[in-house]
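Both complexes shown next keep chain A, but they swap its partner, so chain B is in the first and chain C is in the second.
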Partner chain A sequence: MHLVTAERDALLKPIQTVSGIVERRHTLPILSNLLLTKTDGELSFLATDIEVQISTKAQCEKGQDAATTVAARKLLDILRALPAGANVSMELNNKKLNIKAGKSRFSLQTLAAEDFPTVSQSAEFKAGFTVGQKSLKALLALVQYAMAQQDIRYYLNGLLLIVEKGQAKVVATDGHRLAFAALAVESDVDRQEVIIPRKTVIELERLLDDSDEPIRIDIAPTQVRFQFGNVELVSKLVEGKFPDYNRVIPTGYKNSFSIAREELIGCLQRAAILTNEKFKGVRCVVGDGSLKISCTNTDQEEAQEEAEIDYSGDAIDIGFNVTYLLDVLAHVKSETITVALGDANSSALVTTPDNTEFKYVVMPMRI
Partner chain B sequence: MHAPAVAQPRRRIAHLDMDAFYASVELLRRPELRGLPVVIGGRRLAPDGQPRPLSEYAGRGVVTTSTYEARAYGVHSAMSMMKARALCPQALMLPADFDEYRRLSRLFKSAVASIAPDIEDRGIDEVYIDLTHVPGDARLVAHSIKAAVRDATGLTCSIAVAPNKLLAKIGSELDKPDGLTLIEPDDLESVIWPLPAKRINGVGPKASERLQKLNIHTIGDLARETPQFLMRHFGHNYGRWLHDCAYGRDERPVVTFQEPKSRSRETTFEEDTRDWDSIARELVALCQQVAEDLGRRGYAGRTIGVKVRYDNFRIVTRDNSVAVPVNDALSIRKAAFAALARLAPAQRFARPIRLIGVRVGALSRAGAEALDRAGRGRTLALFGD
Partner chain C sequence: MIPEVYNFAMNAVPEGAGARPIRLLPDTLISQIAAGEVVERPASVLKELLENALDAGATAIDIRLDAGGVKRLRIADDGHGIPRDELAPALTRHATSKIASLEELENVASLGFRGEALASIASVADLTLTSRARGAPHAFALAGGHRDPARAALAAGTVIEVAELFGQVPARRKFLKSEATEFAHCGEALRRIALSRPEVSFTLAHNGRVAQHLKAETLEARITHVLGEEFARGARMVEAQAGPIGIIGMIGDPAQARASRDAQYFFVNGRFVRDKVLQHAVRAAYADVLHGDRQPAYALFITLPPAGVDVNVHPAKTEVRFRESQGIHQFVMRAVSAALSASAADAPVPMANAASGAPAAIVDGGADAVRPPAMFTPTPMSLFRAAPPAGQPQSQAAYFAMFSAAGATSRAMEAPAPSYLPAPLPEGDMPLGHAVAQLHGIYILAQNRAGLVVVDMHAAHERILYETFKKDLEGERIAAQPLLIPVAFNAERIEVATAGDYADALDRLGFEITPLSETSLAVRSVPALLADTDAKALARDVLKELQEFGSGEVLTRHRDELLSTMACHAAVRANRRLSLAEMDALLRQMEETEKSGQCNHGRPTWYQFALADLDRLFLRGR
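Up next is the complex of A and B:
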């Protein structure tokens, strides 16, 4: 049975869009497959790992409706390896998916579409809002790197999204550092607070482009749904209580200085050469007019860096995990950043002059 | 005949054994399989996620455990899957999910701890509990422990309360599943003596065979022999111990915490192999698992060993000691490969390899703490936990 004939890129793009979430090893082997469904001149592509599901579609010739599932990885690799612009046809014969392009022939095993477990969508999507794709992409980029990874406090392995009148806020933390950002949106819904799983956040950021095309976000009690272009992404939410982020964002720190972002990145990267897997600490000594950054390791090696800053506050000698500092510097875009400090045992607050809605809090490290 | 006598009648020790633990955990998630013979074993599920009948199995795995319905066909744990298939081809098989079993194990143990804090951990599915200082009637206390376990996990367990660990362990087997057994000192003759001698935890197949030859079948038979007779046939210590057991004497305390000596992980290959890539890959994964085990428990060790079992079941081990205790996957891996390298290449692959294992020994908590200090850098917690 004929499924589709199209130029390679017309098929490759939707397959790339959905297959990012396919797990290589899952207890349900069928989940390493994509669900292909042909109806009414449209071929839809769907992938899921039970937690999150992405679907998109491509135009195809009208014809008999059909559905099957086939290994995502192989399909992707084949299409990628075919020459750009090649004309590709797919047929379903005897439970095999036959792919033809030029003189290339592939015959892939399929599993029955009826056995494919799709995520059933909640009937209760109420709170929602629409923003431009690039605004959301930029918002996620400001905080997603601070999410925990496989933390036993499972609610940290995700991103807190708060929607309230006129505003969407996002917060991510791994318990040692926290990133907060907010965006004005048109929404007139009651306040909603949900935790979006890490994998969904990362996949979403990957799929969004730098355009003003709209993305619609809808929230149900246990699900969140993103619709943009031809793509629909539905994800379970993380149950649990996110820690009170307001409590840990310091206010009223008296000691602060501004510094060129690139300059600070340079100092930290050079000092970090002498750190190692087990010990990522750098020492920062802030004094009159200068910031000294140093790093010593167990082999008694030492790196020293110094930057001029406009500072006349308390002298502070404080340690940090250099990765936590480099992370934030890599993800904000402004020319300069501002660092505010309390004392050697209190968190540091990093802000940027161009976005007053961004805050990054990082705890010190004992050196 | 000696008069039945039990030492320290005042102690009150319970043994709690979860009923068909792994199988019951699986049934919690797949209630539709209740009442069917189910075998836990095999590597993975079929593509549709549905359990398949054992008749479709071909391989060399062993049965991890089985439901009571499967046990009725003679299927028991550690039996090869092929043998189980011959006994009960219609049994359904499910792969083991140890993460889930460990999760429920923690749940049931904390439920027990909420009622009686003195617990000796005897593995994933059983504990001894010292109830001596828990007020209340033994039956009521045991009942409330069973209820707490059921509330926390949805699973049933069997408990016996006895004057000591020996009798409690024997007792918890008497009324399975969902059992509750009380053993008083006076029950020795009527309840314990009729049981086969191999019910004593510590009388294995070998000892049991030798007892049979001496025409000793039950614990009562054992009690009728003199200590001298048993010592003559089984050596001084074991003979003395057998005699004590027959009279229900056991003064071992409930040990609420035991320093572990080593952590190990091993795996049997799907097929015997000489393929270095798959052997190395498996070794890397095992090192990772051992590192996670150690990290979770806060231990580090100095001796890293590898074990190789060849297709003819011959076992070779090589140890490698490192200067300071380690517990990270990378260090363990380096030491494990170095240990493996001590096998001369000609010997290493002399025969196809059936099983490979990694063990980290000479464990210490201090080692792990020293590592912490050496690593200095700990970023403080934001949320004060």
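Up next is the complex of A and C:
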């Protein structure tokens, strides 16, 4: 039975879109497959890991409706390896998916479409709003790196999304540092607070374009749905109570200075060469007009860096995990950043002059 | 010797003592010095006295404490009692009725055997011993320091009353903690004993109020009463036997989101032990089913021939040394893994009666009623529905090998020879070579000039962390990462007390753990090297460890144990995939790290296969 004939890229693109979430070794073997469904001149592609599900579709010639599932990885590898612009046809015969392109022939095993577990969508998508893809992508980029990974406090392994009138806020923290950002949106929904799983956030950021094309976000009590272009992403939410970020973000710090972002990155990267392999402690001494950065390692080797800053606050000698500093510097895009400090034992606040809605809080380290 | 012992000597010996002739120490002083090792706090007195009662075949034991046991500690048992003429010897150092020869020591199965507990206690407190030997017409009492027993009234058994612990030794008394802490420690000492002897009933009263009553019951019921209903509800049964080695008990449900309490009890031949090899084995088994380093609660009982384990390592006897620790590790890990992987269909089955017989009524008189001390004989037990434990054949082979090779020689007394001696690092620039692959998420395969190197990555990582900590601590203190979001958790009172008592030691280790209430704690800072591990589990582990160690300078006396607990925590991450670059980094760190040939548990961390050996395998002449 004929499924589709199309140029390679017309097939590769949707398959790439959905297969990012396919787990290589899932306990349910069928979940390494993609669900291909042909209905009414449309071919849809769907992948899921039960927590999150992505689907997209492409036009195809009209014909008999059909559905099957086939290994995502193999399909992707085959299409990638075929020459660009090749004409590819797919047929379903005797439980095999046959792929033809030029003189290449492939025959892949399939599993029955009926056995494929799809995520059933909630009936209660109440709160929703629409933003440009570019803005959402930038918003996620500002905080996503601060999410926890495999933390036992499962609610930290995700991103807190708060939607309220006129604004969407995102917060991520791994318990050591916290990133907060906000974006003006057109919405008049009641305040919603949900935690989006880490994997969903990373996949979403990967799929979003740098365009002004809209993305629609809908929230239900246990699900969140993103629709953009031909793509629909539905994800479960993480249950649990996210820490109160307002209590973590300091206010009223008097000691602050601004510094060129690239310059600070340079200093930190060079100094970090001589940090302890594992915990990457750097010492920062802020004093009149200068920021001194130094590192020593267990072999008593030492690195020193100095940058001129406009500063007349208290002299502060404070240690940090250099990765926490480099992380934020790599993800904000502004020319300069501002660092505000309390004392050597309190958290530091990093902000950017061009986006007043961005805040990054990091705990010092006692070296 | 431990520093506190020096304290004693210094108290007793005035300045300028160097000029004195060498003399034998007076007997009381020797006892006081010995007491420094055995008697640390009321809980250690309680433990010794409970063990004596059990050794005497008691079936019902009554404990009364006043002021945390410092003011008064009284234990009454219904055991076989002590004849009049043996009262005085019982209070004498190195007098015991339990062993008479070295041969017997090797096969010791009673709890006590050193014959120093009563003498030590009597040297640092007011002790009165009242006892009526079975068949004796009446009871006699003897107070410490006296020679002649006086007639006394007692229906049966033995009553030992200890008052004003360390009353005459202010240097030791000042190390005692608050009444609540000392009482909590006594409670813990009782729990350990109670778990090991479900057929004995116990009553504990504090300041005149009954705090706990445990009637004679089955092992399952006892575990449930001691570890809590919540634990028991989700618990899995463990039972396995390999040749002469058996394990039985209950382990916490890995899915239990917040384990009821981190109670971890290991018994070897009926004796409570703290042993890194065993703890590590359980943790390793859980590592496969738990993400992160969640810590399970458990009560596990291991039986093995007494000759396979040396209990004479430490006077307080919570430490043991296995003749074949690697084999024990494997066996325990497999048994626990098997219990964990058992499907839901194998849900807990009620245990049969764990006691050897119904609890005997309190016997009074009757010459024939004298029972031998309750010996813990390692017989294969089957308290559970017989289920073939996974992995048995292999461990069984290991054990047969172990006992046939060892034989019943006097090796129990020797320090166990490590079964593997780390080879010196091979020559060259990168002695351990370059990583080429990871095997089953456990081993790193590396190629070096000599051939193939196989590295146990967890063991190696553990060693590296351990040595790094050690180095750090030689400086002032371990680098700490304060938490932006503190980790709060419900804690036992004893944990809250311990966090306060040891704030300084914790600080030097990189921790800040502060009370939120009487029963909750917040971890505000963790060692920077462990910033990514489960702070709660780590904190509980370290607190538990501190709580075990009792008074004094824990960081000098118990530094290595503490550091290895911390290292063990971070390193047990089964099935983590590493990139080649990460693996190479680990190899380089191993080369740098001193003694990286063995992990903290004495297991090897890497092994070299020479090319020539491989050639031989493939019959390839060169």
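In this section, the second predicted complex is superposed on the first by the 365 of 367 C-alpha atoms of A that agree within 3 Å, B and C clash if a C-alpha of one lies under 4 Å from a C-alpha of the other, contacts with A are read in each partner's own complex, and residues count from 1 in each chain.
One rule holds in what follows: a residue touches a chain if its C-beta (ideal position, glycine included) is under 8 Å from a C-beta of that chain, and two chains touch if they have at least 3 such contacts.
Since the model is a prediction, treat every value here as computed from it, not as a measurement.
Model built by superposing both complexes on chain A: chain B and chain C clash. Once chain A of one complex is fitted onto chain A of the other, the partner contacts of A:Ile50 are absent, as it touches neither chain B nor chain C.
In the superposed model, A:Gln150 makes contact with chain C only, not with chain B. Applying the stated contact rule after C-alpha superposition, one finds that A:Pro117 touches chain B and leaves chain C untouched.
Of the two partner chains placed by superposition, only chain B is touched by A:Leu28; chain C is not.
Among chain B and chain C, the chain that touches a larger number of residues in chain A is B. Put simply, of the chain C stretches 8-16, 404-412, 476-484 or 494-502, the part that bumps into chain B is 476-484.
173, 175-178, 243, 248, 277-279, 281, 298, 321, 345, 347, 361-367 are the residues of chain A that lie in the contact sets of both chain B and chain C, per the superposition on chain A.
Partner chain C is touched in their complex by these residues of chain A: 150-153, 173, 175-178, 243, 248, 276-279, 281, 298, 321, 345, 347, 361-367. Listing the residues of chain C that touch chain A in their complex gives 291-292, 294, 468, 471, 479-485, 487, 510, 525, 528-529, 531, 534-537, 585, 589. Within the complex formed with chain B, the residues of chain A that make contact are 27-30, 111-112, 115, 117, 173, 175-178, 243, 248, 277-281, 298, 319-321, 324, 345, 347, 361-367. Considering their complex, residues 44-49, 95, 97, 328, 330, 374-383, 385 of chain B touch chain A.
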